[in-house]
Amino acid sequence: MRNSVHLAKRFSVCWLCLTLVLMLSSARVQGQTAQTEPAGNSIPEPAPPVAGAVTASDTKSDEGGSITVKWTEPAGSKEMGLEYEVLRSDKQDGAYVPVGELSAGDSEYADTGLTDGQAYYYKVRSILGAVSADSEPSQAAFSKGNFFRFYRLNALVLLAVFSSAVLYYITRARKAKPIYIRKIAGLDAVDEAVGRATEMGKKMLYIPGIMSVDEIQTIASLAILGHIAKLSATYNADLEVPNKDPLTFAAARETVKEAYLEAGRPDLFREEMVNYVTYDQFAYTASVTGKMVRERPATNFLIGSFYAESLLLAETGQAIGAIQISGTAEVAQLPFFVVACDYTLIGEELYAASAYLSREPVLLGSIKGQDITKFLLIVALGLGVVLESIGIKFMATAFKMQ
Amino acid sequence: MPGIGTWLAAFFTLCMLSFLYKDNPFFRLAESFFAGLSLGYYIGIVMNQTLKPNLFLPLVQDFHANWHLVFAAGLGIILYFRYIRRVAWVSRWALAVYVGYYVGVNMMQKLHGEVIPQVGDTMLSLSYHGIGTLWNLVMVIGVLSVLIYFYFSTEHRGVVGGVSRIGIWFLMISFGAAFGYTVMGRISLLIGRMVFLVNEWARPLIGHIT
Amino acid sequence: MNLERIMQVDRRIIYLFVAVGTILPIIFVVGLPVSITPPVQMAFDRIENKLHEGDIVLVSFDYGPSSAPENAPMADAILRHCFSKGIKVVVIALYPLGGLSEAVNELNKVAAEFPQLKYGVDYVNLGYKDGAQAAMKKMAENIHEVFPTDVNGTPLDQLPLMKHIRTYKDMKLVVSLATGIIGEWWANLVNAQFRIPVIVGPTAVSAPKYYAYLEAKQMVGLLGGLKGASEYERLVIDKYPALAQVYSTPGLYTATKGMDVQSIVHLIMIAFILFGNVVYFTSKRKPRKAS
Amino acid sequence: MKRQIPLLLTFFAGAIPIFAFFVPEKHVGLVSTTLDSWLIIVAGFALLLGVVNVVQMNANKIKRQAQGWPYAIILLAGLAIMGFFGFAGSFNVFGGIATRPDGSSTPFDWLYKYGFLPLQGTMFALLAFFMASASYRAFRARNTEATILLFAALIVMFGRIPFGEMVSKWFPLATEWIMGKPSMAAQRGIMIGAALGAASMALRVILGIERSYLGLGKGE
């Protein structure tokens, strides 16, 4: 336990450094804006009006190889139905080739596929039917790679607030008084569900969803599996974990094995407890439902990431009279679990489950940190609604920038 | 007379449907065959669509540009160290990298792609502009009350308890409505299977017999 | 009579009702009344009143076998309408998971009902193209570059119909039968940029999203799910009596039949739910009376 | 040592995409996408783990003549046939795994069309039946919450069929409103909460606090 807190501390330091580096790098000023160049005034009669003030500069917040060209539209361009062509050259008075077409209403174009560090010049050609007129060329512009995506500043702020809150409460967790966590009925029922299977001398099925370990719900499910396997080892219950994803299968086997070891009953662990079925969602479902009706488990856990098979599994389990505890964050599948299972962990409850079950201060601390972030978001949301109502768009804009 | 493929498909369809009555040897046969067949199918898919184009062909065609893929294959092979007792512990490395990377990807996706826009989209104006104001209010109250329902570190009593109760009602509306809304799509799938059985198998068969 | 026992209806009885409610309407036409909604009427009017004989319509198959029960009847109804009116049709498929097989099956089926029409003159099938969005953009420049040959490998220049079709400007309308995002691209990308009118027939699940495009005039009609398709069938049958005969062919799956199944099975489910509640409340009241 | 290396690997592998998320610089992106392309291959390799387990288990069953062992033979037969054509197909034997240019089916494609698809489609279609039995049992006005659930479901089901529209044109409008306002609000709430929960779980994994998936227990 102490080990993990130490580790957490050490990593927290790394983590904060990482965030800091990102924050600092975001402060780096960038961009190499070229000077504006007023357009000529003498326009031959039939020719369309020329685009003014053509500027070209490095496209911000990108990986390089791109220059953004901007210009001011001549008056009445929309009514005329003016069209633009953006031209590029690598010499100011060299040959210009067209790189992009736009229509009235646009005054910005991002040219891509360029070589960083090389000079480029741009002109904007106004086209009206068959006649056209070119603007003055822009100053030289250079593309380059940037060090921060400014449009993701909101995400960085959220990440910083969130991880600071979580880390603060994790490090405080051991010293501070125990953290209160509200009752989660589905998790209180776990002991009873395991006990019932033991009493009846029947099997428990644990289905960790159908996704791989790249899905966080699966990781959360494996954490809960660890706890249930420990209970199973203590009571000597008959646990089985059929899998759809091979990596989840590998991880689940490690989890269960370790849990039996920690419970002091490695002798009870058998490899077949955690087995692999098949990679197809519905073939897996057919096998598991078949297993359910034949072996009649007393308890089913359906916890993780589920899709259309949710109701097939839960309804079959219901039909054989098993106690069913389910949990998922897939919004579309929650209704089916709610109607067919005895208990359902809804969304965030699934992620809080491992902390709730183990009562480890470090894990509980992270739940507290999460709650603080949620509180701040609720405040931000309330503030956003108030500001929006009196016509100030600032908050909504900050949250919408992508 | 329907062709052999149609017969096979019809047979499997009927075997699966028989599960609705009760478990029986036909369902068990179809289920077992399906499990094997589908796993074989994914062997074909993984070989042809993942390993061949992403690993074997790049290595064979241009080793100099793609030599780094050797590490990928190495990580893949590490997974199998679990079968050799002395180095079994190394097999965790592949899992550790795999989980670590995607957890990082997902963390940012969740914060930036879900939390921020969903909160932002709920910042609706409540200044009066007709019935829309009321609906905006429903939206804001719904989101806030559900969020408060998920608040773990406070006891759900008093005001918090009341608001979280409203949150539960919103959840119930959502679950009921989503259930009712999905019925149609599921029936469409059933129609697809039944149209196959009736029009492509039974009709030609009856036509052939009579 | 023990009400508790009645409430525990064997689930197999429910299954039987659902099965019968699905199979019977597929075999026998029930023909529940259909009320025509404005988005479908708009789609029909567009083809019926704004297009003329010899005009060209692009029909894009943007769905696969998994949503065929919903999308295929839309495709059939649109194709039958066009062919009945003498409108020429260019068929393409952009959906990767089986869009091509759907395009081939449905076009061949409907074309066989109009023996006077000639392939290459009155209709063509250009086949499947990978990378839907890029293909849709490129088709504004040159369709011949996107689809160098038709589905049979014939170069487009050898097909009389395709000789004069180079871009969207040579066609009057796009109809997309869609299950995923591709249908939306027709509205928010192709219509927005290249101004060709668009009708989309999405599955019922995704239909709500399309109302926004319809309101923004990025679409000129919408066939939402089976219901939209059955309304369209009603409209073409009423307008072209010859099609009534086609639609009463035994063994032909139509949206009208599909919608009958939907209505009947929905009503069966609702009836069971109501029944359960009625029994529940009667049984709950009983003990109170006894005491 | 045995315990630290996996945790360090997780930390660094997790930090890379987060860094790349904010830093557009080419090399950072390259590291991240390269790692991504590796992991797709790792996932491909993993399938064999499952195949090995399936073959082991079913061969055992046959050897022991355990209950239902003949079905194990059927399972292995399905695996062998499809696996063989799929494996051979990657060397372009039998014309690959898709249809041939002339439109005829390769053996893999034929088995997919007439075996895999109908089995999969029918299993999926069973949902229509299960929804009927689940709704009958669950949608009962036992208490306030269940009553709300019941009414929301009934209104939406009515609103989706022409019959409901004929009874009252308010049914489709009410359906649209329920889906668009209260239901949407609840889903947003679930999503925001769940996303925070997932991010917190992710942070715990990256920091090595949550590690049961590695079989490293909760630390000692």
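A, B, C and D label the chains in the order they appear, each numbered from 1.
Note that a contact is a pair of C-beta atoms (placed from the backbone, for glycine too) under 8 Å apart; a residue touches a chain by one contact, two chains touch by 3 or more.
Small disclaimer: the values here were computed from a predicted structure and weren't measured.
**Q** Tell me the fewest steps from chain A to chain C, where a step is a jump to a chain it touches.
**A** Between chain A and chain C, the shortest chain-hopping route counts 2.
**Q** Skim through the chains and flag the pair connected by the most C-beta pairs in contact.
**A** Highest contact count among chain pairs: B-D.
**Q** Can you name the chain that lies farthest from chain C, using the mean of each chain's Cα atoms as its centre?
**A** A
**Q** Between chain B and chain D, what distance separates the C-alpha centroids? Give it in angstrom.
**A** 3
**Q** From the mean C-alpha coordinate of chain A to that of chain B, what's the distance rounded to whole Å?
**A** So the centroids are 16 Å from each other.
**Q** From the C-alpha centre of chain C to that of chain D, how far is it in Å?
**A** Measuring from centre to centre gives 28 Å for this pair.
**Q** For chain A, what residues touch not just one other chain but two or more?
**A** Each of 152, 155, 159, 162, 213-214, 216, 219, 247, 250-251, 254, 277-280, 282-283, 286, 294, 331, 334, 336, 338-339, 346-349, 352, 367, 370, 374, 377 in chain A touches at least two other chains.
**Q** Where in chain D do residues touch at least two different other chains?
**A** 7, 11, 15, 18, 21, 39, 43, 46-51, 54, 68, 116-117, 119-121, 123-124, 126-129, 131, 133, 135, 137, 139, 149-150, 153-154, 157, 160, 179, 187, 190-193, 196, 198-199, 201-203, 205-206, 213-216
**Q** By residue number and range, which residues of chain C touch two or more other chains?
**A** Residues 11, 15, 18-19, 22, 65-66, 204, 262, 265-266, 269 of chain C each touch two or more of the other chains.
**Q** For this assembly, give the contact graph shape among line, ring, star, complete and other.
**A** other
**Q** By the document's touch rule, what are all the touching chain pairs in this structure?
**A** A-B, A-D, B-C, B-D, C-D
**Q** Under the definition above, what is the set of chain A residues touching chain B in their complex?
**A** Of all residues in chain A, those touching chain B are 152, 154-155, 158-159, 162, 179-182, 213-216, 219, 247, 250-251, 254, 277-280, 282-284, 286-287, 289-290, 293-294, 331-332, 334-336, 338-339, 346-349, 352, 367-368, 370-371, 374-375, 377-378, 380-382, 384-385, 387-391, 395-396, 398-400, 402.
**Q** In the complex formed with chain D, which residues of chain C make contact?
**A** So the residues of chain C touching chain D come out as 9, 11, 14-15, 17-19, 22, 32-35, 65-66, 204, 208, 227, 259, 262-263, 265-270, 272-273, 276-277, 280-281.
**Q** Hey, which residues of chain D end up touching chain A in the complex?
**A** So the residues of chain D touching chain A come out as 7, 11, 15, 18-19, 21-26, 29, 39, 43, 46-51, 53-54, 57, 68, 116, 119-120, 123-124, 126-127, 130-131, 133-135, 137-139, 149, 187, 190-194, 196-210, 212-220.
**Q** Spell out the residues on chain B that touch chain C in their complex, using ranges where they run on.
**A** Interface residues on chain B, with respect to chain C: 20-21, 181-185, 187-192, 194-195, 198-199, 203.
**Q** Which chain A residues qualify as touching chain D in the complex?
**A** Interface residues on chain A, with respect to chain D: 1, 3-4, 7-8, 11-12, 14-15, 18, 22, 25-26, 61-64, 145-149, 152, 155-156, 159, 162-163, 166, 170, 212-214, 216-217, 219-220, 222-223, 225-226, 243, 246-247, 249-251, 253-255, 257-259, 261-262, 272, 275-280, 282-283, 285-286, 294, 308, 311-312, 314-315, 318, 329, 331, 334, 336, 338-340, 346-352, 354, 358, 360, 362-363, 366-367, 369-370, 373-374, 377.
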